[in-house]
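Attaching a single structure in structure tokens format; questions to follow.
Which chain is which? They are A, B and C, in the order written, and residues in each are numbered from 1.
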Amino acid sequence: MNIKQNISNISSYNTDLFQKDFLLTWEKNEDDLKAILDIANTLKMMRDQNISPRVFDSGLAVSIFRDNSTRTRFSYASAANLLGVAVQDMDETKSQIAHGETVRETANMISFLSDFIGIRDDMYLGEGNKYMREVGDALDEGYQKKVLPHRPGIINLQCDMDHPTQSMADLLHLKNYFGSLDQLRGKKIVMSWAYSPSYGKPLSVPQGIIALMTRFGMQVELAHPEGYELIPEIVELANKNAFASGGSFHVGNSMEEAVKDADIVYPKSWAPFHIMQQRTELLKNKDAKGLTNLEQSCLANNAKFKNWEYNEAKMKLTKNQNALYMHCLPADISGVSCVNGEVQAKTFEKYRIETYIEAGYKPYIIAAMMLANKFENPGLILDTILQRGKERVMM
Amino acid sequence: MNIKQNISNISSYNTDLFQKDFLLTWEKNEDDLKAILDIANTLKMMRDQNISPRVFDSGLAVSIFRDNSTRTRFSYASAANLLGVAVQDMDETKSQIAHGETVRETANMISFLSDFIGIRDDMYLGEGNKYMREVGDALDEGYQKKVLPHRPGIINLQCDMDHPTQSMADLLHLKNYFGSLDQLRGKKIVMSWAYSPSYGKPLSVPQGIIALMTRFGMQVELAHPEGYELIPEIVELANKNAFASGGSFHVGNSMEEAVKDADIVYPKSWAPFHIMQQRTELLKNKDAKGLTNLEQSCLANNAKFKNWEYNEAKMKLTKNQNALYMHCLPADISGVSCVNGEVQAKTFEKYRIETYIEAGYKPYIIAAMMLANKFENPGLILDTILQRGKERVMM
Amino acid sequence: MNIKQNISNISSYNTDLFQKDFLLTWEKNEDDLKAILDIANTLKMMRDQNISPRVFDSGLAVSIFRDNSTRTRFSYASAANLLGVAVQDMDETKSQIAHGETVRETANMISFLSDFIGIRDDMYLGEGNKYMREVGDALDEGYQKKVLPHRPGIINLQCDMDHPTQSMADLLHLKNYFGSLDQLRGKKIVMSWAYSPSYGKPLSVPQGIIALMTRFGMQVELAHPEGYELIPEIVELANKNAFASGGSFHVGNSMEEAVKDADIVYPKSWAPFHIMQQRTELLKNKDAKGLTNLEQSCLANNAKFKNWEYNEAKMKLTKNQNALYMHCLPADISGVSCVNGEVQAKTFEKYRIETYIEAGYKPYIIAAMMLANKFENPGLILDTILQRGKERVMM
């Protein structure tokens, strides 16, 4: 599809993205999601053709990272820069936020001339998404009471529930890999737990994947050992989505079973839901000893499932023995980054470049979320950019 | 007032801001201060109307924060970005400055392509402002000896003596709240010490307020418990300013007395002058035990004055029982950020949004200081920007 | 020389800089080096005349600093900003790179929308330059496999072998100081070890200087106490360069002997090659006690050579008693930054401003490296910029 066709599609959707935060994919309608995908593809094509989609002459994109990040940090910075806004980190260790400032106040203080706030807050179950909404409420009040000249849009850069910039990048990868969203109907995708010698990995990626991929008529399989459940409400949501979209959703306890005839596999480690809940309580109570004990028992439990590695033997079970392997990266690769991990080195290597391409969509997904938040008619804006034809790099 | 009237005013002032650092409000003449206010208002109106006042195609605004900051850091970043210069943090923990580099050398090394240097250095009495002048002297030499292509302008983002971006934002808030600077004549403003369970808060805000507000014919009251004096020279300066401007200045030792019939109250904690002096000496001597002892005795002394809380009872004493409450934020709010604090929660809440609006002027005050430093005729530049009519966000 | 003459020169060179990393000066041909110098001078003149050489509407310049830096950090930021790309720090303590990510993967993850990657990695002999090449190989693969839309250019901001942005800035200083590269033929430059009460300073500056200055027909003297050798291969390279360029290269063990009749002196401390090798091994083995012992014995050995201070007495031995003094800064100045150091305070002071001017070329050298990497015909681009005549600051 060329740029003009993409832009034409965008204008045809019935979206509700304008001046709305992007916090959970399941709060967005199908046209919203399609629009984000097409805007992202358009921006990518433009940049590849040296057309600058810069729409801001100035403005700030605030970033609040309450957990480490390389990929998402760079993706957010790239997206902001592409559109013309400067990233300003809200570094909580440097600021006075630790000294008792309320979220409500700080949200306004960092927003007087800001257009976007990107937030990663994925450490505590029940906290991250809640925090984003608190920030949003504060911005709503600030805008209504004329403290802020406009309402900055919030982009969820990973919370305890969802990781929408990841899952949408993953979906765009699938769309482009298989040719269209329609081509995904009936395809089998397996979101499987995988062994990792680490502890406390967030649930947001598997939750984001099952909640999003069930909306496009796919056959979604969730597989994990007993005890490694996700948040029940989101599993239930995936079930409903599958029913509504004409797809299917199934949960099982065997990676081998799950990957049979799969078109796509996404093997990734996460912590069990109930462990994350205990951990959140222990962290709140600053119970260091309790945390150490929990970590040890959790790692010991993990160790029972070292056979949950995606490898050549399991790949042979997939459709044509070559299901597309996906990962949000970095993967725990057996013999490379750890002794036993999520994936066999040989298997990972076959799809390594595909995982890079998958990751490469994230900056454009974020830029699309920004554009759709800021402009009522993003198709029209993209058309204007195309006609303007400004070069990104002088030629 | 509309943009054109503001610009017309700016051109009518007899200012001496061009290529001058902004270190202390009391080094500036009245026209200088009025020009900054009008430039700030103009820039704010432009941005609110989607007119981009970007005047730089490239350039750096260096920031040196020797103390934590959220508000001022974001204000500085917003101002720089609005005008088109990129912020570059001089992070002293990351650089070699800790390894014996002289201020003189470093000042030049960070300035080859820099237009502004914003500095916060408020920890030690007798040090912060001195440091800024050392940097300034080094830049003067560098410019004279052709090391630097132009002389970067220094903006005081809070020192031991003054906090001019804060006090000027406060003044702009008062001007816009009451309608004009003339409307401030005869109004009673109370800068009062207030209790806080913390220690070592800088003196720059109360000093900045009494030194600035006495210049516009206001009745300025300074109130604090005995022993919580400010730097004597600045108190004396406030006295002289009041006399010269036709206002008044009075120091007392009772918050109740002070707030009677006040139009404006500014209750805020600070450390006593002589404690800050002792603290500076102890810090220089790296006397950890002495510092701990000083902190304990200071907190114990503070605790005698828990009744210095601004609250509903005190508000009832003010003019029409509704004096405008001001604060540089974050405030220590009783029952919210601490058990006993500077202000009662109910009272703070009534003026919370006003304190946000107050804070919202700071980015524009800083941008105005930058513009006035860089351009001999800022009115002309703003007029050019207005006629250019470049959009901040594409429409 | 004026801008047009410089641009004309640039177009006359036969360069191989386009889409090539700048890792070591000795991988570049003479025309490459001349082009960088002329581009840098052109960019400096443009900026001094308020002509903006901005060629990017968006884009990122990633910086990876594995060692502290003020000068180079600001130079890199200034260069990027001048051309229109935004700096994005890859802060390894903030990212997941410490959690086992491979260099190969990370290099791609930070490069989706990046134009340049500047790397400082000078701590371990045999490691820094190797790391840069690993990053480069990963980018090559990413570009070939269509992960990246273009191949970001890598700029060596100091490694274990060379410090090309420093040595090229030094060369530009010499060219402009003496009038032309031709004027450098036959001039005597002394790269001398000097005493410092510190330990473990990189070898990259002296190595960079002897390898570069021998290429322009200069008489290069390397002087150091016995035991303070540089990497043998680079000393041998200097020897060959001198022979090829019609200059000379000599190694001696006396600062007094070396500085006789010198036109230029560059007295600077460094750690002995074999000590750096041992240190690298100890660091790899995390042998804290071994490192402490090595540091103590090394400092004790250093202390035997306190007379290796450049001072008035030694300056009297130089040509006309006023050889140009150079330093990459910060210098260890006796009685200022330490008791005994590399240079006497009085002597340093005479050339202090010259060292600032020397340092001031670095941002332009880096910008020149960026421009030459990105554009096949930088002369043509500079000519286009000149004709465009866009102001850096609105006038």
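Convention: a contact is a pair of C-beta atoms (placed from the backbone, for glycine too) under 8 Å apart; a residue touches a chain by one contact, two chains touch by 3 or more.
Predicted model only: the values in this text are computed from it and were never measured.
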Same vs different contact residues, chain A with chain B, by half of numbers used: different
Chain A onto chain C, rotation angle from CA fit, given as a multiple of 5 degrees: 120
Distance from chain B to chain A - Cα centre to Cα centre, in angstrom: 41
Shared interface positions of chain B, touching two or more other chains: 86
Sites on chain B touched by chain C in the complex: 55-60, 62, 86, 88, 90, 94-97, 99-102, 105-106, 108-110, 112-115, 141-142, 145-149, 374, 381, 384-385
Chain B-facing residues of chain C, complex: 47-48, 52, 54, 65, 68-71, 73-75, 77-78, 81-84, 86-87, 329-330, 332, 336-338, 353, 356-357, 359-360, 362-363, 390-394
